[in-house]
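Below you will find the structure I want to go over with you.
Note that the chains are named A, B, C, D, E and F in the order they appear, and that numbering of residues resets to 1 at the start of each chain.
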Amino acid sequence: MTLATRLLTALTANSGELNINDISFASYLGDSGFGQLEYGNLIMIVMGIVMIYLAIKKDYEPLLLIPIGFGIIAGNMPYNPDLIPIGYLDTLGGQQSVFKMFYFGVSSGLFPPLIFLGIGAMTDFSALLSNPKLLLLGAAAQIGIFITLLGSLLLGFNIQEAAAIGIIGGADGPTAIFVASQMAPHLLGAIAIAAYSYMGLVPVIQPPIMRLLTTDEERRRKMKPTRHVSTTEKILFPVIAFFITAFIAPGAITLLGMLFFGNLLKESGVTKRLADSAQGSLNNIVVILLGFSVGTSTQARYFLTTDSIKIFVLGALSFAIATAGGLLFAKFMNLFLKGDNKLNPLVGAAGVSAVPDAARVVEVEGRKYDKSNHLLMHAMAPNVAGVIGSAIAAGVLLSMVPH
Amino acid sequence: MTLATRLLTALTANSGELNINDISFASYLGDSGFGQLEYGNLIMIVMGIVMIYLAIKKDYEPLLLIPIGFGIIAGNMPYNPDLIPIGYLDTLGGQQSVFKMFYFGVSSGLFPPLIFLGIGAMTDFSALLSNPKLLLLGAAAQIGIFITLLGSLLLGFNIQEAAAIGIIGGADGPTAIFVASQMAPHLLGAIAIAAYSYMGLVPVIQPPIMRLLTTDEERRRKMKPTRHVSTTEKILFPVIAFFITAFIAPGAITLLGMLFFGNLLKESGVTKRLADSAQGSLNNIVVILLGFSVGTSTQARYFLTTDSIKIFVLGALSFAIATAGGLLFAKFMNLFLKGDNKLNPLVGAAGVSAVPDAARVVEVEGRKYDKSNHLLMHAMAPNVAGVIGSAIAAGVLLSMVPH
Amino acid sequence: MTLATRLLTALTANSGELNINDISFASYLGDSGFGQLEYGNLIMIVMGIVMIYLAIKKDYEPLLLIPIGFGIIAGNMPYNPDLIPIGYLDTLGGQQSVFKMFYFGVSSGLFPPLIFLGIGAMTDFSALLSNPKLLLLGAAAQIGIFITLLGSLLLGFNIQEAAAIGIIGGADGPTAIFVASQMAPHLLGAIAIAAYSYMGLVPVIQPPIMRLLTTDEERRRKMKPTRHVSTTEKILFPVIAFFITAFIAPGAITLLGMLFFGNLLKESGVTKRLADSAQGSLNNIVVILLGFSVGTSTQARYFLTTDSIKIFVLGALSFAIATAGGLLFAKFMNLFLKGDNKLNPLVGAAGVSAVPDAARVVEVEGRKYDKSNHLLMHAMAPNVAGVIGSAIAAGVLLSMVPH
Amino acid sequence: MAVATLLQAVMSATPDQQLINIGIRLSLIGMGTVFMGLVILSLSLPLIKRMAEGRKKTAVKEEKSGTETETGTGTGTEELTGPEIVAITTAIHAHFLKVNQMEDMKLTWEMYERPYSPWRQAGRSKVFIDRAAFRQRNRSR
Amino acid sequence: MAVATLLQAVMSATPDQQLINIGIRLSLIGMGTVFMGLVILSLSLPLIKRMAEGRKKTAVKEEKSGTETETGTGTGTEELTGPEIVAITTAIHAHFLKVNQMEDMKLTWEMYERPYSPWRQAGRSKVFIDRAAFRQRNRSR
Amino acid sequence: MAVATLLQAVMSATPDQQLINIGIRLSLIGMGTVFMGLVILSLSLPLIKRMAEGRKKTAVKEEKSGTETETGTGTGTEELTGPEIVAITTAIHAHFLKVNQMEDMKLTWEMYERPYSPWRQAGRSKVFIDRAAFRQRNRSR
């Protein structure tokens, strides 16, 4: 049904005239799930249930997979869009659906910066402050973004779509949603779900690559303990880091601004109330609405396409490449480092972001080869650097690719 | 003053020209309460004060009656709408009033689903899970909705208005507001205030009807204790219950979706943070703004009409019929039940929703005849079933009645 | 660049065509801070850093100066507005910037009433209830508003601008923002920053004036202890006070309505949950977004003007006059008061609002001359009365000055 | 510098005398209204006090003349507060189920406790078990 | 008065019979749907119960047949929960730094602890150190 | 299946060589910028450290050279922190009122305590009783 026809029907239906012959239990059932269910909806609903199952049973990203999963179910329940506005794109007779109002936070790009505010207010950048050179690993892992961008172009996506798909490789949900909402809104559902799914699967995706690209000796290597970071450093950091990164990538002012603003609220020591709400109730509310909205945007008719399949394949690829990028760059850096300054290349894998999962995978892998080798702390530096790195990459794409 | 005239005045006034002769203390007082007060405003302000008094002194629904009561006062303070936008419908020179922005949450239908999210996150459906057959009582009590609908048609309301008024019989504030906002926005204030007032008065309305329709023996009857419900059941319930009810009544996807989503957040065990905010700060914020906005929408000039009086009479009727419906259906079910499976018909009265007031009225009445008879737990099942039942009824009306 | 040109450029750029010759590292750097930085931006960024420094180091208004300070930095980072919408006024190709969405809460006048709700929910009006006559000091101090208004007219501002600038003398941030957003949106940044800066500097501005206008004997004077206030009085107060003040100044219905509504939530005793959220998470969220937005609205090209300088000078003047007004009126009242009913004129200085800073300055000054003289409690009465007084003044201006 | 700019501004600006007159009128009316509002408010405060005291005395009187005493020597169950009744019904319920796992017990408790507070949040209030209990609770608040 | 108004309204109003018929049909369909919904829901509840029980039994079986026991007699470090591992790594870290100021110690702790909970909030989950630890934690929840 | 679809897609798609070139340029600039940003950031971190240390040393110096000591041997009241002063004024106030009901006492306390923190929330800050007290408080934070 074209938009024009639908509008016409809506206008006619809304005349307030109600013909008694139109009112029958049979016609009602025809407008209920019995008459409106489509095959695709069922597939999506099952997918939503699987997500909820994984979240509860396997503890994969429950704070996002449960809202997304239930959103998928709610967004795919069958209904007749000519009678009531329910879906995330529906407006009928001037009345927007509630799901559309929720989705405005996603489509307008409003929610991701608010999430970044919360992330900033809960992140401790000490690890990064004490390991300046490990920042480079967080840069190297962003190669996943750009190779995926090229791959997307090869698969026939246009440049805006390719940029949005590429950001999946940043392993950072809100960044991916922010870029997709500006660049390729029609792919947002698939991109968001791919990003979050793979972030949940980091403990499955990364280890084989880590083993493949490192020697036994490298994996056992211990690193020098990190130094203590003073409160003043932590207060100066968000201001200076924001200035530098936003200066270089103005397209990331919005995301990085909120990230470092949140961090300043946390570290200043005089705005505890604000930091608590930024990372507490405000963040929770946004996470609920963001996840649910992303879920409702997977209506089968728009979601079940070959594009979505391509995006999932490209997403898996991007995570693998990002992991390899970080690892190999660590090995490259070792060529120039001496003695106990040498890095354990496993730490490079944490550069993909997916905080703190990737850092913990590093810890787990490291301890498999030497139980006394604790890499978590070292891995946190490239891990948070990866967030900044993908925000910069997002900023570059947002300002270079017309949209 | 017609809208056209007002627009003209506004445009003229906003030219930035200010004639010195227009500025006098007398003319200022003419634009203040001294010159603008109307008789109707005073009546409404007294009504607001009475509500606040009942809320504080009698503890009737304080979380809603205090915001509504103060909203009534604020919405009925006299002012000159040609000078500044204050009222819930005012826009002047392109500037919307703040009360209008608040009211958007009501008129757009945004707030009720958010309230349902909070309700879901605070409701324990165990009672219902352990008493499947008591669900039917929650269905039977919805007869109040449809008889009120017919009564409204008899009193001259059109079909949309009648549907919105009928939902008062669902004894569920947010559902009534949601339906009224879509079907009959001009009656929203009266419907909302009738719904919440009678919900507060449930302990006054129900007992006489309960005594009238039951025998002494029935009131003394004890029921079999309920069984224990496992965590897994509680997790499965929101997903399955949402699928079934939304399948049958797609018009209720929005309300039921948020209700069961909130419940899943609560029961999943892995999203405690989100459930806390859904039923905590988010809910509180929405309750404050919803109640206050409903209050401001009772400006005397729109509210003090015979329609409002009719709505209050119909509302009282609907609560009485719903109570009777639940009770009589319990007696009807007893015709088919044997031995200690027989129901205490008082439990049927809890089917009207008004959670948990109606259930507690059942407990109180039961104990009047036998101090050892505790019906609260049994009454909780039809009580929460009544919420689902009225949401389904709302869904049916929303999808069948063009609006 | 005119708006028309920018629109044209945007439309052309958004055609989705991307010429390979346009893509070079040099052109990218030209669009980054390296190519876009302006002198004015740097000045503003330094100002933002100074604010953050004062907030952390001197504890001047940290809950506002930190969000404002970081907002100034974020709002003045250089970027090319033809490529991406970032600034608080940017819309590009139908996409609003996130900062613009945040700023909507300021420009629409939505945030200040929400702040007042929170203030109401955290203010105890006991001091005022036990000292009725001290209310007059809160009235007298509003002279600062009107003299500043006249001064602004003399400096060439138009009547709307003058009214908005005058409200700085009310020493009440949200009121100043509310009036400026309606009357002179283009001056909002300067007015807000002047208001908050001087509120932070009250301990510096007031003492010299207090010493100049009082004798040693007056400063040592002790006042009669205040009486105890019952719970019922505290419940009645917000309702009655709202009725009286809103009746006299309907233009203040929005601000005073939210203030006294919040206070009723606090004092009613039955809506603790709502009061907690009103003064907790809701207030924190609004404070974060309000402060940050005000900061982003100081883009150098709009902010660094002689108008801003004038506003800062007028603002300092208004604080001084308000202080003197309160003090001198206390001395005037003493002409009619006998014995131990006489006031310590220092208390009059607290009438400027700037709660609770001004009241604490009075305490400090009083104790300098007699260590056993505790004026804090007495000073709280004119202090909160000053908030009501400036809201009334704002209401009068809003309803008398066309805007 | 700021002072110089200011003086210069005052000089260069030649504001309409009409505008100044308007400003003066506005200011007088504004200041008058502020005083009127706060004077009337300050005069109303003693009335508020008297109203509050009136209510208190009446309340005390009512209590004294009332037949229901609050000294706790009531007729047993009628004196119970809401939470106490919940506790008792829960205990009975637990007894019937012969619950011996603490976890189950906790679940049952929650089931009872929730409705008391949270539903109110969604706009629903408590039902008072009986008047005596109601009064007692209200006073202890 | 209200009753009089009402009666008058009923009199004066001459609602279309057609409209009443529509109302009756609507009501029948509505009431039918409410019952259909709640009847099907009530019939599904025993199924939910059975599903839950099925899962429980399988879980119990799996545990019994599984090679990994949960009695705490594991191989040491593999039994550690996330927080324990954090504590240990922190202790080692503190040792290397030869930290003797309590404040420093606290900072280090925070650095470790934060990532565990807050990042999840932003949509990121825990990584489980190993399966045994994972299961244990999950069950204690 | 997914792999097949993918391969097929690669085959069927004949992306403009021009587009690929653009992609490559974009990627090089993007990757370059990411590295530039993080390299400059990493180079700035030692500067941040030095700034922080510089400030600390100055602070220590200032304290030593300062005339006001913080060892608590001050002149009595001047050493008081905000809350202490509140406590004292409250006590005096309570004494004058000859308060003997605990409830009244509590109310008075609240009246004093509130303004300290909550108003700040609305954008208003503390006033420091005197410099010594200010410093002390600040440090203990």
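To be clear about the criterion, contacts are C-beta pairs under 8 Å (C-beta built on N, C-alpha and C of every residue); 3 or more make two chains touch, one makes a residue touch a chain.
Not measured: the values here are computed from a predicted model.
Asker: Which chains make contact with subunit B and with subunit D at once?
Answerer: C
Asker: From subunit C, how many touching-chain steps at minimum until you land on subunit E?
Answerer: Each step joins two touching chains, and the minimum needed here is 2.
Asker: What pair in A-F, C-F or B-E shares over half of its contact pairs, by residue number, with B-D?
Answerer: Checked against B-D: the matching pair is C-F.
Asker: Taking each chain's centre as the mean of its CA atoms, which one is most distant from subunit D?
Answerer: A
Asker: Taking the mean of the CA coordinates per chain, how far is subunit E from subunit F in Å?
Answerer: One centre to the other, that is 33 Å.
Asker: Provide the C-alpha centroid distance between subunit A and subunit E, rounded to the nearest whole angstrom.
Answerer: Spacing between the chain centres: roughly 21 Å.
Asker: So how far apart, in whole Å, are subunit A and subunit D when each is placed at the average of its C-alpha atoms?
Answerer: 43
Asker: Residues of subunit B that touch two or more other chains: which are they?
Answerer: Residue numbers touching two or more other chains: 18, 23, 28, 32, 59, 62-63, 158-159, 248-249, 269-270, 273, 280-281, 284, 287, 396, 400-401.
Asker: By residue number and range, which residues of subunit E touch two or more other chains?
Answerer: Answer for subunit E, listing residues that touch two or more other chains: 22, 26, 29, 33, 121.
Asker: Draw the chains as dots and join the ones that touch; what shape do you get: line, ring, star, complete or other?
Answerer: Basically it's none of the tidy shapes, so other.
Asker: Output every touching chain pair, sorted by label.
Answerer: The set of touching chain pairs is A-B, A-C, A-E, A-F, B-C, B-D, B-E, C-D, C-F.
Asker: Can you check the complex and tell me which residues of subunit E touch subunit B?
Answerer: 2-3, 5-6, 9-10, 12-13, 15, 19-20, 22-24, 26-27, 29-31, 33-46, 48-49, 51-53, 55-56, 121, 141
Asker: For the complex, give me every residue of subunit C touching subunit D.
Answerer: 128-129, 132-133, 135-136, 138-139, 142-143, 145-147, 149-150, 153-156, 158-159, 162-163, 230, 232-233, 236-237, 240-241, 244-245, 248-249, 269-270, 273, 306, 309-310, 312-313, 385, 388-389, 392-393, 396-397, 400-401
Asker: Which subunit D residues qualify as touching subunit B in the complex?
Answerer: Going by the criterion above, the answer is residues 18, 21-22, 25-26, 28-29, 32-33, 77, 85-86, 88-89, 92-93, 96-97, 99, 104, 107-108, 110-112, 114-116, 118-130, 134, 138.
Asker: In the complex formed with subunit E, which residues of subunit A make contact?
Answerer: 18, 20, 23-25, 28, 32, 59-64, 115, 118-119, 122-124, 126-127, 173-174, 196, 199-200, 202-203, 225-229, 279, 283-284, 287, 291, 354-357, 359-361, 363-364, 367, 371-372, 374, 376-377, 380
Asker: Where on subunit A is subunit B touching in the complex?
Answerer: Result: residues 13-18, 23, 28, 31-34, 36-37, 45, 49, 52, 55-56, 59, 62-63, 66-67, 70-71, 73-74, 77-80, 83-84, 86, 93, 95-99, 101, 280-281, 284-285, 287-288, 292 of subunit A touch subunit B.
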